[in-house]
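Structure incoming, see below.
Chain nomenclature is as follows: A, B, C, D and E, assigned in order of appearance, with residue numbering initiated at 1 for each chain independently.
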């Protein structure tokens, strides 16, 4: 059966991670169905992920962008709880890419973080959907990072 | 079939966003059914949204107003989690407009934020309900803002 | 059919809001059934509300009292999430009256807040249960407050 | 039918509140079944409570002990939300006794708090399970405290 | 019937706790089935635990690693709520091992904490799954710690 991936992104984001992730998934799993769902902001991502799973997606990647204020962080917390609840209720992976505006001082760096994180997590999603629960086991404990260089294993 | 929109607003709010949003939805989708539900405060919005969906709404917009204290922010967090849960359990969009009293120092500015945010999100809701998951895709990553001027795409 | 209201209150509270609310509901809806449920503290209120709804209440009012420490506030947050979940799962209103010990420096003022807030919200509950979703619409955006004087509409 | 009580306690706790609570429940309800469930720490208490209810307990008391750091407090918050969810989903009381290591400077005082709080809440649980929703109503608004002396009613 | 244990670990972690825990479980319960599931980060652990239970695990241990920033701590909070929800919905234990990067200044100490905590909790999981709710009762209130030396019982 054809694998089906969902991409949920936002108009709030300042980088078009959705188009990028589409290409990465296509290149990692050339025959897959890929469906995109664009919503205004991060708090709309959980229902977008839920609806993508409702229409048959085997896994979803969400692409959030979060402002700098405490209220933005509370929205991030509520969204994170929501995305985890979607996964628990459907038993499907929803890989959550979030870029926080205060992760970098200049815009170029922020865009680099977004591209690196979205690319790496798109590959993670494909691995988990295609190969299952041991696809990433050889990297377990290796201190991998998305958006930054890897921290590495201790010792 | 006729589309049906729900509007949930509060008596706590200091701007009548409900009437405004009614007009915006009516002008964006002239034949739609529009139902309004007014509750005391933000913590009553999730059940109002749930009841509007129970009676057949295809999508809901909630119009919250939040005070300045830490306790108000905790109420905002609990409400946000609740609104996301309603969406997850029903697979319907509940677009959440929230105005925080500490977003501006003077009342006039606060009212401008409320009007801009409620108007833009009412249009977002209609787009999502009428045209579905790709209605907003052309704006993905464009840095759109509600209540403020757009941040824009990086680069 | 006779309307049925639930009142959930606590032994932790320093004001007997339950008896007061009973009288207010009785005076606003003279033929209604009114059931009271007393629990130790705020974290017990969600299940009390759930049980009141299980036995047929059309709406519930909870009467919480919260201490001054950060831990008390975390308990308030958990309780708020719980009360919202009860409402989402049952589609019934649970109007939440909470008095925080740090809202006023002297006890007399605190008692005034409790009485005002509980009275106004008891009336809100009866309005919503008796008249439904548009009972409060004429007050939408009017800046109504419970426990304090109204903030009023901007402009 | 014989009443059945559940006691969930932890190996993290520095006071054996479980044995104490067993004796209190036995003395308050001499013919009841009492089942004890010991888990490592507070985050394991919600599932212990759920499993105790699954095997027929009419009510449960959980006996948590929480460290001093911010992370411990986040664990407390997550646990509190979980315990409230168990109650909402089962409509059974789970009375939550929590002792925070920063409630007192010396160990003896901490132990006193634990003993007082656990004893009083064990009695509360028996009252609610045996006599139901009005068992505590005569104490409503009386400012009762567990672990400390009562604050009392205002006026 | 053969007991089945699940291990969920991450590529974010800087110590390979998964392999260690596999050996500990194998040595504590030599005939058991043991299944491992590796995900990118802590927010993916709840669905991994859910999927492990879906395929028949009697209990699961999750092995999380958390960064130093406030956002990492919010992710920890959301994950904790999610792991507790998985347990409530399935009535199965999910023992949560989390190592926070700010628990120690040097990497060697951090690794020691990870090894000690993961080993002790793997033994706790086996005890609970094999022997049930009273397997740990003799240690109730004994102030046991994982990752640190035991605090001990007061008095």
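Throughout what follows, contacts are C-beta pairs under 8 Å (C-beta built on N, C-alpha and C of every residue); 3 or more make two chains touch, one makes a residue touch a chain.
For each chain, UniProt lists the protein as follows: A, B, C, D, E = Riboflavin synthase.
Here the structure is a predicted model, which means the values were calculated and not measured.
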The chains touching both chain C (Riboflavin synthase) and chain D (Riboflavin synthase) are none
Intersection of the contact lists for chain A (Riboflavin synthase) and chain E (Riboflavin synthase): none
Overlay chain B (Riboflavin synthase) and chain E (Riboflavin synthase) by their C-alpha atoms and let me know the rotation angle in degrees, rounded to the nearest 5. 145
Mind checking chain D (Riboflavin synthase) against chain E (Riboflavin synthase) and telling me if their interface is mostly the same residue numbers on each side, over half, or mostly different? different
Distance between chain B (Riboflavin synthase) and chain C (Riboflavin synthase) based on Cα centroids, please, to the nearest Å. 25
Whole-Å separation of chain centres (CA-atom averages), chain A (Riboflavin synthase) against chain D (Riboflavin synthase): 40
In chain E (Riboflavin synthase), which residues are in touch with two or more of the other chains? 77, 81, 85
What topology does the chain touch graph have (line, ring, star, complete, other)? ring
How about chain A (Riboflavin synthase): which of its residues touch chain E (Riboflavin synthase) in the complex? 73, 76-77, 80-81, 83-85, 87-88, 91-96, 100, 121, 124, 128, 133-137, 139-146, 151-155
Under the stated contact criterion, what part of chain C (Riboflavin synthase) meets chain D (Riboflavin synthase) in this complex? 9-19, 35-40, 43-44, 46-48, 50-52, 54, 70-71, 74-75, 77-79, 81-82, 85-86, 89, 107-108, 110-111
